[in-house]
Every structure is written in C-alpha cells, then in structure tokens.
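Chain IDs A, B, C, D, E and F follow the sequence of writing; residue 1 opens each chain.
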Amino acid sequence: MEKPARVVLEERDAAGLLRQTSVSHIGFSVPDVMATADFYGRVLGLVVQGHLPDGGVRLGWGIGHHVVELVKGEPALQHYGFEVRDDDGVEGIAKRLAATSHVVEDLARDYIDCAPGSPSGIVVRDPDGTPVHFHGPVERQGENAADTGRRPIKFQHTTLGTADVQAMVSFFVNTVGFRISDQLEDGRFAWLRSNRDHHTLAVVNVGRSGVLDHYSYDLAEWEDFKTWCDRLTDAGIDVTWGPGRHGPGNNLFIFFDDPAGTHVELSAEMEKFHDDRVTYVARQWKPIPNSVNLWGGQLPTWRKTSQEG
Amino acid sequence: MEKPARVVLEERDAAGLLRQTSVSHIGFSVPDVMATADFYGRVLGLVVQGHLPDGGVRLGWGIGHHVVELVKGEPALQHYGFEVRDDDGVEGIAKRLAATSHVVEDLARDYIDCAPGSPSGIVVRDPDGTPVHFHGPVERQGENAADTGRRPIKFQHTTLGTADVQAMVSFFVNTVGFRISDQLEDGRFAWLRSNRDHHTLAVVNVGRSGVLDHYSYDLAEWEDFKTWCDRLTDAGIDVTWGPGRHGPGNNLFIFFDDPAGTHVELSAEMEKFHDDRVTYVARQWKPIPNSVNLWGGQLPTWRKTSQEG
Amino acid sequence: MEKPARVVLEERDAAGLLRQTSVSHIGFSVPDVMATADFYGRVLGLVVQGHLPDGGVRLGWGIGHHVVELVKGEPALQHYGFEVRDDDGVEGIAKRLAATSHVVEDLARDYIDCAPGSPSGIVVRDPDGTPVHFHGPVERQGENAADTGRRPIKFQHTTLGTADVQAMVSFFVNTVGFRISDQLEDGRFAWLRSNRDHHTLAVVNVGRSGVLDHYSYDLAEWEDFKTWCDRLTDAGIDVTWGPGRHGPGNNLFIFFDDPAGTHVELSAEMEKFHDDRVTYVARQWKPIPNSVNLWGGQLPTWRKTSQEG
Amino acid sequence: MEKPARVVLEERDAAGLLRQTSVSHIGFSVPDVMATADFYGRVLGLVVQGHLPDGGVRLGWGIGHHVVELVKGEPALQHYGFEVRDDDGVEGIAKRLAATSHVVEDLARDYIDCAPGSPSGIVVRDPDGTPVHFHGPVERQGENAADTGRRPIKFQHTTLGTADVQAMVSFFVNTVGFRISDQLEDGRFAWLRSNRDHHTLAVVNVGRSGVLDHYSYDLAEWEDFKTWCDRLTDAGIDVTWGPGRHGPGNNLFIFFDDPAGTHVELSAEMEKFHDDRVTYVARQWKPIPNSVNLWGGQLPTWRKTSQEG
Amino acid sequence: MEKPARVVLEERDAAGLLRQTSVSHIGFSVPDVMATADFYGRVLGLVVQGHLPDGGVRLGWGIGHHVVELVKGEPALQHYGFEVRDDDGVEGIAKRLAATSHVVEDLARDYIDCAPGSPSGIVVRDPDGTPVHFHGPVERQGENAADTGRRPIKFQHTTLGTADVQAMVSFFVNTVGFRISDQLEDGRFAWLRSNRDHHTLAVVNVGRSGVLDHYSYDLAEWEDFKTWCDRLTDAGIDVTWGPGRHGPGNNLFIFFDDPAGTHVELSAEMEKFHDDRVTYVARQWKPIPNSVNLWGGQLPTWRKTSQEG
Amino acid sequence: MEKPARVVLEERDAAGLLRQTSVSHIGFSVPDVMATADFYGRVLGLVVQGHLPDGGVRLGWGIGHHVVELVKGEPALQHYGFEVRDDDGVEGIAKRLAATSHVVEDLARDYIDCAPGSPSGIVVRDPDGTPVHFHGPVERQGENAADTGRRPIKFQHTTLGTADVQAMVSFFVNTVGFRISDQLEDGRFAWLRSNRDHHTLAVVNVGRSGVLDHYSYDLAEWEDFKTWCDRLTDAGIDVTWGPGRHGPGNNLFIFFDDPAGTHVELSAEMEKFHDDRVTYVARQWKPIPNSVNLWGGQLPTWRKTSQEG
C-alpha cells in the first residue's frame, strides 16, 4: 500500500481561546421517533423532556438541559451544540465568526432550556453546512452530577464525518477557539478540545460531508463496561466494537447502534489537558489499527485506517 | 426421614412463548399503610407516586411505572403484575387463557401508569385465586436505568407461596407461556422465567394458598451487600438470611422484613438464559439446605427444605 | 510549648436521650447567592428547590427535604437544623430547654418541607446565639436513598466554631440529649453523636463565637475520593486538605472551599456507635496533628492543634 | 448457507464418574525454547522449575507442581495431563481404559513433581494419538492459593483441536468419566467437565487431528482484564480476541499468542456445576458467533462458527 | 431467662505495656496430620515448612516464620505464641511472670525460625495450663507483606475457650501487658489487644479449660468474602457462620471447619486502636446475638450468648 | 518573586534510541543496615537475597533480580542501574559513551543476578559522578509478575537530585538514548523515559550534586492507597506527602521516609507513551505547586517549586 502523505493540521489565531466549553446537545433525524425514543429510554435511561410540533422529541435525564433531539426523517445529523462557560465566550465566538464572514444568527430560545438568568446563544453553519449551536451556561444536574453506574454520567463528545477534515478543523480551531489534542499523521482524523477533556469534538474523513460518525457518553469506570456489555446483551443489542482503548484520548470504549443505525459510544478514563498549567503540542499518530485501538488493533467493520500497520 | 418423591414438573403447549416479560408491580395489604410507606421511603428510597381512594398508596422511584401498592388490611397478597413486551404478548396470553376457560377481564387503566401510546392490559385469577395483571410496555426509567448503589436497580421477581405447586406451574408455563429454569426434585419449589433472567416468578409449597412468600429487588453487585447490611443495621432492621448464594439462579442474596412482616429480598448476579441461542432442559435440585444456600446451607427460621441433606 | 491543660467534658442529665436524630439543613449567608448556587449545582448536584423573598434560595437534590439555604450577606452561619425521629423527640427537647430557661419558639412551617402528616418544629438559640432548628420526620429520599458515585449520599454533620466549647457541649449534651464520642484532651474540640454515626455535630475552639467551621457530606467509599479529587481539579477547585483519615470518627476526608470561602468536607467510613447494645466512654485524644489526620499529620493552613506532637 | 445437521453428543457408561479432576500440566514444542520461556516469565510470571535433558524446560510459579513443558520443535501439542483427586480415580480410569482395549502405561515419575506420599500416574493416547496423563494429587500452592492480580490464578483448561469431535468426546465421557456441559448443535464444539468448573477440557473441530486449539488460565475478576490488556500492550503483545464473554461457560475472556503462535486465553467467572446437588442435561447452542461471544458476536480471524447467524 | 450478672473485667499493673506484639504461631493436635496439612495447602495455600520427629509438620506460606504446627492426636490446643517487638518486651514479660511466681522457661530455639540475629523466647503456662510462647522479632514476609486475594494476609488472632475468663484476662492484662478492648457485660467474653488491632487474643467461656475456640486469618477486604465463600463451596467445605460483622472489633467474618473440626475464621476491617494518641476505656456489650453479629444476630450452632435479646 | 527564566531542555542525537529499558536496582548507604533491612522487610516485603562482604545486603522479593543494595555509611546514593532489553542496547550505549569520552568499565558480574545465559553490563559515572549501571535482561518475576495488593508491583523509577539538570538530561538523552516526557518551564525538573512509562528517571535541581531525591515503587491501583496509608499508620510511619496526583506523569502518589531518611514513593496510573505509534513533543509545565500536585497543590516540607503560582 502506498504510504499516506503526512499532513500536519495547523493551529493559528483563536486556537485555545475556549477552555470551559463542552458539548451541550445533538439533534438527528430517525425513521421512527417513538421506537428510537423507547430505545434511549430503556437502554440509556433518557426520558422525554419535551415534544416538538412535528412529532419530534427532546430527551434528557429528567433534570437539567436536554441531550438528544429526535425528529422524523432519514437518518441524518440535524445540528449539534456546545455550552460555552468561558468569559466572553459566545460573544467572542460570534465576533470571530462575523469577522470571517460567517452568517451568525440567534439561537431559538427553546433550545436553551434550563438556563439560569437570561440565556442567549447563536447558530452558525459549519463548513459542511450543518448548524452548530453555541450558547451560555445551562443547568446540567442530570449529567455532571449524575451518579455512577447503569446510567451514563454525561454526553461527552460528538464525532463528525466529513470529506474535508482540514476545513472543519480550521473552522473550529482557528476561528471558534478549540485546540488540537491529537491527529492521525495522514490528516484524516483529528481530536479537538475546548475544556480539560482530550476532545469534545472529533472530525474524521468518511468521504461524505455533514455526517454524524458517532456520539459518545461517559461511563464512570472500567467496571461499568462489563455491566453494560451484559446489559446490552440482555436487551438483544450487539456490541459492535470493544471493549478496547483508543490511542488518542487513551479512553476505554464500547460501541453499539441505536435502532436508526447511529453509532453510540460509551467511554471512560479520557485523558485530561491542563492548559492553565502546561504547554502542549498536538501529537501525530500513525494511521494504523493499533493507534485507534491500543489493545491489539481489533476494529469494527465500519472503522478503517489508511494502513494496516 | 422418608425420602421425598421425585416430581418432574412438565413443560407443554405454550411453554417458552414469553421471552420479554418481566415483573411490573405488586400489591399487598398491611396494617399500617403510612408506617410501611415511610419504611419503604427510608430504606429503599421509594416515594409515594399515587394515592388511592381508600387510603392506599402506590410507591415508585419518582420516575416511571409504580412498583408497590399498599392498601390497609391484614398482611396479604392482593395482586401481582407483569409487563409483557413480547410481540402478540398480552393478546396471546388472553387468547390462551380464554381457550382454557379462564375468566379474563380488562385491567383498570390506572394500574398502567407511565405507558406510552394507548396502554392495555388484562387481569385473571391464578389457580390460587389471586389476581394477576398482564399489560403492555410501560416506562421504567426509575428502574432499569437506575444507578447502582444504595437504591435497588429494579423490582426483579415475585415468589408465591401455595399449597399446589403443580397447578401454579402448569398455569404459568403451559397456558401463559413461561418456562421452568429449575425445580427441586420433590416438586415443592419451582423457578420460572419469562425473559433472560433465571426467574421472574417462583412458586414454593408453604402449605397455604395465595401467599406472598417474598419479593425481590436487584442490587448491582456483591460490594453493595456490605453497604446494605450495614445500612439496615444503622436503621435497626435485622438481616434475617444471608448474605448467601442460591443454587437455583446462582444469585447472591440477603433478606429482611418490612414492618408488616413481608420478606423482602435483595439479590444480584442472577444467572441469564439465552433462549434465542441455546436449548435448555430444566434442572432438578435435591431438596436440601445446601441447594437453596450454596454457601454451607445456613437457613433462616422460615425457610424449610424436605431434607436436611 | 507549654503543655495544655487536660479538660474532661462532662456528660450529665439528658446525655444520650437522642438516638435517631440527624442533621437536617443548614443556612448561611454568602456575598453572591447565584454564583454560590451555581457552584453547588455544578459541583455537588444540588438544585434550587425554593426561592426566598429576599433573593435567597434553598438547595436540595430535587427530591425530599432541602439541605442548604443561601441568603445574601457577608459569609456567616445563619442557622442549622436537626431532624428528630426519636419518640417524644422534639417535645422532649422543648421541655428540657424550657426547664433550663431557654427561649423556645415554633419553627416557621416552610422550613419543614417534605414532611408527611402535620409537621412541627422548634427553634432555639445555642449558647453562641445561633438559631438551632429541631423538627420531626421529613422525607429525605434525595439523600439516604441516593445512589453512590458522583453525588454525595447525604448531608452528614455540621462543625461549629466557637470561643467556648464547654458551654456548647453542655448545651447539646446535658440539655438537648446528644452524647460525646470523642474529645481532644485539652477540651478544644469535641465530637457529639445523636444517632449511630460517630458525630452529627462537632464543636471546635476557633477563638470566635457562632462560626461555621465547616460542614460535611458523605461519600460512599474510598474509590470515590479519586473521582472527586479529579473532578474538583477539572472544575478548577483546589483540594485544601486530604485525602486523609481523621482519628476521631476514623473517617476518610477531603476538604475544599465554596466561592464564599466556606470549608466543605466530603467524608466516608465514619465509625458507628451502637448505644442500644454497648456502653461507651468518650475517648480523649492528644491535641496533635497525628490525631486529626492519622495518616502522618498533614494539615491545611486553617486547622491548628495545641501541640505539634 | 446450508443449515448444519444437529448432532447430539451422547453420555453413557462412565459419564460423570469424575468430579474432582482438574487440568494438571501441558507440554508443547516450540521453535525457540528460551525465547518462549522468557515470554512466559515476563508475561505470566512463570519461572523455570526444571530442565530436561534435550534442552526443554518445565515452567511453574515457583511453588508446587509445574504447569507448562516446552521442548524444541515445530509448534505442536506433545501431551496434556490431569490431576485426579476422585476416590479410586486413576485406578478407575486405568481399569475402564483397559476394559476398552486402550494401552495404558505408567507415567514417568518425574512428571508428577510436588506430590505428597508415593505418587502414581498413567499415560494413554487419546483417539487422536496424543498422550494424556492422569495422576494423583499434587501440591499446587503456586496456583490455587495464588493471589489475585497480575499473575493468573491457575491453569484452568485445555481446548483440543481435532477432526473427530465425537470420538474425542466419547473417549473422555464414556470411558474416562467426564460429562458434557455444553455443545454446539452441529456437534463441532463440546465442553466437558470433571469438577465444578463448566469445563476443564474442550474439543473443537478444526479439520486436523491432535492440535492444541488454545489453553487457558484463570484471572480473578473483570477488573483484571483492563490491567492485562494494558500490560500486554505495554509488552508489545496484541490482544487478538476480546474482552468478551463466551456463551458456553459464561466466562469472560481475552486471547493472545505466545511467540510460537500458541493461542493463550485468560478467563474469569466460569459457570459452576454442582453435580452433588443437581441433575443437569447438556445444553445445545446454535453454531453462531453470538453463541461463542455473547457480547455482539465479535470474533478473531482464527475462530469460525458454522453459521453467521 | 435470668438476667446475667454484670462483670467488669479489670485492668491493673502491667495493662497496656505491650503495643507491638502480635500472634506468631499456633500448635494443635489432629487425628490425621497429612489430611489436615493437605487441607491447609489446598484451601489456605500453606506449605510444609518443617517436619517434626514424631510426624508432625509446621506450615507457613513458603517464606518467613511458620504459622501452624500440626501434631498427631485427638483435636486439642497444644500451644500458642506471640511475637513481641516492644522494647524490653520478652525480658519484661519474663520479669513480670517471675515476679508473680510463674514458671518461665526458655523457648526451644527451633520454634523461632526466620529470626534475624540471635533470637530468644520464653514459654510459660497460662492459667488453664496451655503453653504460651513469647519470642522476639521474626521475619514474616509471607504474611504482612503478602498480597491480597485468595491467600489470607496474615494469622491475626487466637480465641481461647476457658471455664474462667477472669483468670485468663487477669493473666494476660495485668501480668503480661495486654489491654481490654471490649467485653460482654456478663464477663463471659473478652477481647484483648497488644498492638493497634482491636484484639490479638480473645477469651470466651465455653465451660471447659484450655480449649481452642477458633483462630483467625485476615483477608484484605469485603470483596474477598464472595471469592472465599464460592471457593470453599467449590472445595466442598461449608461456611458455618457468616458473612457477618462482629460488634466487638467491628470486623467482617466467615467461619468454616478444618478436617479436625477446628473452627477457622477469615476476617477483615478490624477496628484499630491508637494508644499512642488516645485514651480508651473498655466497652461493655450486652450478651445478645446482635452484639456478636451486628447484621441481624444470625448465629452458628456452636456460638451461644447469655441472652437472646 | 522574580519570574523564572524559561529553559527548554533539548533532545538531540541519541534521543529515543532506548524503548525497552527500565530501572533495575539502586544502592545507597545507610547508618544502620540491619534496621533499614528490617524496615524494608516489614513494610515493603523485601527479603535479604544476598550478603556483601562488608556487612551490606541486597534485597529483593525472593524471586528474580535484586532491587535494593544497602551498605553501611552516611545516607548517600551509591549507584543506580538500568536493565536494557533494546536490541544492541548495552553495546550501543557503551559505544556512544566511548565516543563522547566517557570511561566505561565492565559491571561486576554479581550485580547481574538472575540473568539467563551469559549476562554482561557496563558501569559509567554520570555527570555528577555517581556510578550508573546498564546491563542486559534479567529475570524479574518477583516484580513484573508480582501480584497486586500489599506488596508493590515493581521498582519503577529513580529521581536524582543535582545542581545541574541540563548536564544530567543531556547525558541521559543525547548520549545514552532516553527521551524527555515533561519538564518544568524553568528547567529545574525533567522527567525522562526509556520505555512506555512516562519516566524511569527524573532529575531535579536540589542545589547539590549526586543526591537521591527519592525512588519509587508501583502500586496496582487507587484502592491500594488507602490500604497503604492505613498500614503505614499501623506501623507508626508518617505519610509525608499525598495521596495526590502529579501533573507530569499523571500518576497518583504517596511518600514516606525509610529509617535513614530516604524518601520512598508509592505510585500508580503513570501515563504511557507509545513511541512506536505516535510522535510526541515534550511538554512544558509551569513551576507551580499545582503542577507537581494537580489536586490543589498541597506540598510536603521538602518539595519546592520556583513559584507559588
């Protein structure tokens, strides 16, 4: 196999301005909203926190901001959002987007449920055309304060599939203010951070634009992975990848699909970055199976790397 | 002691038609409803989710379907229910019951709280005359999605005391659609399954009909048993049996009594049955203490076996 | 250094009458109520359960009785409360207080949220002049039934700073009905119990009256301390003391400050006292660092002992 | 794919006579004895307990009976052995083998190291022609008494590859005295027990005779699997299968290869059989990936099932 | 039942002089030395470290001082020993014994295996006439440095059965230098300490003199109790008491019998006493089942208390 | 305080040639060899594996290569050694040292105990003049194969105190073949790796040359830290720092002193570097307390950073 080119993704300008920004919510369309909502209820413990006019629903853990929005349609990513707790956070992003000729609009108020005071937010389209939400602080007691165990602790990251990793990375790093924690040497996969977690957003080349590669919830610890694999087995759901450990992020993982075929990850032990105390340079990983799964390189059918090692 | 007869309980007809059916709720009468409700609140974390006209209450974990109904009266089992998620489940059970001349009635709608869509259910009397509920899917986020730890994960099984084990087993297996996982050789105790758990219902000969022998909640793991024994001790409640491990089901257990004297079990590690992948034959256990408690055969005052080994 | 005098705190009269009494709630003033409430929401998972007319808030875990009341003002202790489940508990305390010429008033009804039946309570000023609440049973499912993990299990004790330990101890032991579990030999620190926990109230000489030295929440177990230290680090909050293990109470601990500078403790493994089964005599600890931190005597800047060993 | 025939492996005659028999040791040839011994030393903690005249070595944990014998040669199974603690065990096996015209010889005394008293043993060729050892009690403190953690607890089972499963099963069950715990419906894989463990020997159709499919060591618990996967990664060794959970035996597993390509399994939580208390009938598993790996059916390159499900 | 008298065991004279003294070894006679040694090898991991002229053996963990001596005979306690690390320890004991007219002899040198330098020890008969050994420091790496898990960590205490608790307690406390940690109110059971552990020696009234009531090994933690109960079950050994938690010592426990009928305890979480930092007064426990087993008072057939509560 | 200069330590030439090199042993002088050996025996489980002519001893875990050499004298570092498993490892180091005019001598054969085949090694003086050993593979079953729990898993790293960090780093990185994982921005502390562990050697400016700052053993996991703190407390040994978590290496830690005042670290969860899969750039940490202890910056008396933050 031909050796893939080395591509170093650049950090410029705004890189690193965000340090207290995390994923907030995600919206995607599914053919059968009720069946999918029932799945998330039985499997992840999510309850319906809101109904949309067109039959869509918003799901959460019964307290605090919602996590998932389901609307009826062919499986597709509809939007994804971030909660920005940095000083001058949303305003700063808005200014930088405007300065780089992006169209920035106000985020519809109902997307920002469970916000104290007078919440505000913006929506902009990412280079692939998918709406991205940035909004101020919301209450998330259903998540960060959640107990360990059977229920995931929190929604942790979104991984976008795209045909142009460089454009997406440049948008989020050099304009929005994320940083690069890790990348594959061939530039086809990058992991971006906006708080102490190794990544809150990742971007992978899947040959198509505007795709949801997968999204991920945090578990508390390794012990929970056995409970979850057994519990998914009880529910008749196949674990499609793992348990394993990623190189980038060093996090433990399993993957399974929801009824619409969305890949869902459960993860733990993600590496932390202390940008207030230490200067990092993004790492370059070989595009081989043993990089994305440190434990022997076992892969699922739907995850490819440039080389086989 | 005379050697007990060997009795093999039979599986015929409908046996095994149910594979996605679990316990749903249980109702019993107690002399002091408020004291008992307070006990379940302090000890198990159950909250009052509904009030009945006659002073009874329905208890749950504050989200999803209720678990326990308490009504005023001498301690007695009032009804017990199952949630049926099998295709053609409740309808199929109703047809088979009707075909075997049982009186089947509609279940009062208010028993099926937290059901999505238009819920329905039936009620029929078991061979001992106790009303049994079968109803369609309900939301149980307070249970299956519950976190580990101090609160039980879910209501897991009901064990009925009867004077005629064969009649009860035949009703549930050959008409309703359960299967036999284990039995004692003398036919005086049988464990029946309706999903991947080793049993969701058990039947034991206690010399009287229509009795609640005990009912059981799941804990997450062995570690929780120390926490629970210490916590019951703090609350002035005696552990009456265990910690131990049952032979049938292989589950870890402790038992204690509620203020009305009802035996309550906390259990973990119950054996799983994968009927979609494997063919099983029910096992026959010797009626000795070391079968019901693998760890040395220690028993409480209220549990007897035919032989002492 | 001069050897400190030995002071044996006495138990007389009412000592030990209370055996089912625990901390209920605590109120303190902070300069910025919303920032402090946001902190308790993000860090401890507490939600706003009630709003006070003057902009204050009451925080709890979304179910059951509230835990913390925040009002606007310079950092100061406003009141602290106990839930009394002993027979003749609140009434008995009221009688003993009246008999010793204390002014006893009815506790405002809204302080006793989530009480079944017709709740009642009293308020009295402790020897330092701080209002103390005693009230009957309330529902605490958000606490005692709480799951392990990221969220504390319950509010566990209050430690008062005073200039007169003997007066405070005499009030709580000889009039109210607590017992002394441990004291420092110099009489400058005492730990009092009112149920099976080693202490629900402690009193330490800090040279000033009516001060909140710190207050404490229970964690489930040692494993949680790593999670909590990492999580506080993620949130930019310094651990100021520990992990360590106290001599009196034998409990594991860490401390950190809320935005108003209040010391907050997280604790586990506190020693249990079984007064229904055994007779104890209060222990006398040397006033040295290795007594308050068994693991080598490491101390924070704000905790002093009479001697350095 | 054509539906595979159903083949029920039979139990007759001696089946179940052995209840206290476990694997004892295994011998195989490898191209580089020293490199392989070094591997087992670094990875599994095995030390050289004995040297053979031809440069071979015997490995153990430094105390008690040896576990592995390595001799120089192309990778091949040389022999495998069992420790028989049943009353009349070795003698009974010898008699039954003689009665069925097998050639039974005395086992060389040096194979039975660490035996108290006057040890004896026999050697016979299995239907594939591989020598099988049966000998009396030996001391195994290095194994059964071993501590949890980084070192495996004990050598637990051998899985033979063969071209004739029925012949092998009949030999071990109907003559030697094992029982069948589980089989695939197509008769191409069977798991045999000789003590409380679900299997101490398994036989799988690999199209060739006299092959070592893999052999397995016990770990203490699920937590150890993360430690082992990380540790193998540190040592540059790929995990080739798992973590996963087998259907037959219900045991957790990972697999990796030694330098000679031998598949080595680490396993935990194997199901227990209590033949002194209960009567079992062997289960029939569908020959699908989800049977051999309950968690979603992920398989390694070298494990096939008749069907893909 | 008549109310038992209250008996307060006294501490005088030498009480508390020993603070670094622990159990060292124990010797008892058994009908079948080899069968018993095999049992301790298989179950506890003990190996034969020495052979005695008369066919007896000394068992240990393969490194450091021996733990158990078995000699042939009817089941009976032969001797028990302590390792004294206190300054002026053995010499001080010898002087105090001589001063109180006890016959003190030199301990045979071979009892003090694995001692650095020139070891010495004494032997004296306790009030019941059983030889007690006191000797200086020995190496115990097989114990205190032992790893957690399947193997006990160390030999922890001996409990003597006697007909005269007061005489035994007075001997060990007032002459030898132990202290009383706990006693039953009726004076029929006392727990004595000689280091930070709650007890290294206990004395219980069993109506006969010079009896070994039981002896005990430490486990690392609660999790190990499940492993041990399962493992004893695998080995066909009944757990005769527990899992439970003692009141005096607060330690978790299980009991089982060796082939000679000796009660063996496995224990964890024993309470610690810090006599260098704190002054204690011995506690008085009610002689009821719930004192010796805090978790509900379940007892084995062979343990009685004066009252049933 | 004046802002410290930024100093970037350079990697040149040989940097990164070593990837399979770990600490092997360490030698230091202590005033009382026997007391120190007894301490290491009681506390860490080390046994005397060899005696030196001058009364010194070599300590290990009873199997495999020795870990510590103690000789009589004022407390001082005598030598430290590495086991080199890289291809052309020791020879390559020798060549590079010779090429840079270092005096390289053969290592005395008895230092290389437990080596298979014909072991060889070299000794050279580091820039501070302390002898450094590099030798080929040895057996370390007492370490890497050690079980979890009370005994450390392995000797993990040495931290040298020096007056010239740059000279030491340049020697180990640019000549010997280590790499820099982390450094403080002021160049006063550097952590060097030679295998997948974040560091096997660290160098810190303490103002004097040739000093042993501390050395470190690995524990298995966080849970062990409570056991160790309690156990050190039982043994009367103060924990002088921690539990905490280092920024560089991300490892959990505690520190205590041996009788000669040597700082001993116990550590777990050290970060891993996968140089075969990924390219790293050394990180620059601010010289503040919160860098060396992520959990709030608590420090012991003997650890300073340039700034207080």
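Note that a residue touches a chain if its C-beta (ideal position, glycine included) is under 8 Å from a C-beta of that chain, and two chains touch if they have at least 3 such contacts.
Just so it is clear, the structure is predicted and the values come from calculations on it, not from any experiment.
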Quiz item: Which chains make contact with chain B and with chain F at once?
Solution: A, C, D, E
Exercise. Report back the single chain whose CA centre is most distant from the CA centre of chain E.
Key: A
Self-check item: Rotation in the CA alignment of chain C with chain E, degrees, nearest 5
Solution: 180
Quiz item: What whole-number Å value describes the gap between the mean CA coordinates of chain A and chain D?
Solution: 44
Quiz item: Which whole number of Å gives the spacing of the CA centres of chain E and chain F?
Solution: 41
Quiz prompt | Multi-partner residues of chain B (at least 2 other chains) | solution = 146-149, 230, 233, 272, 290, 294
Quiz item: In graph terms, nodes being chains and edges touches, is this line, ring, star, complete or other?
Solution: other
Quiz item: Can you name every pair of chains that touch?
Solution: A-B, A-C, A-D, A-F, B-C, B-D, B-E, C-E, C-F, D-E, D-F, E-F
Quiz item: Across the complex, what residues on chain A touch chain B?
Solution: 34, 38, 41-42, 44-47, 62, 146-151, 227, 230, 233-234, 236
Quiz item: Touching chain B in the complex: which residues of chain C?
Solution: 63, 116-117, 137, 139-141, 144-149, 153, 195-196, 220, 272, 276
Practice problem: Note which residues of chain E are touching chain C in the complex, please. | Solution: 182, 185, 247, 250, 271-272, 274, 277-281, 283-286, 288, 290-291, 294
Quiz prompt | Sites on chain C touched by chain F in the complex | solution = 222-223, 225-226, 229-230, 232-233, 238-241, 243, 245, 252, 256, 290, 294-298, 300
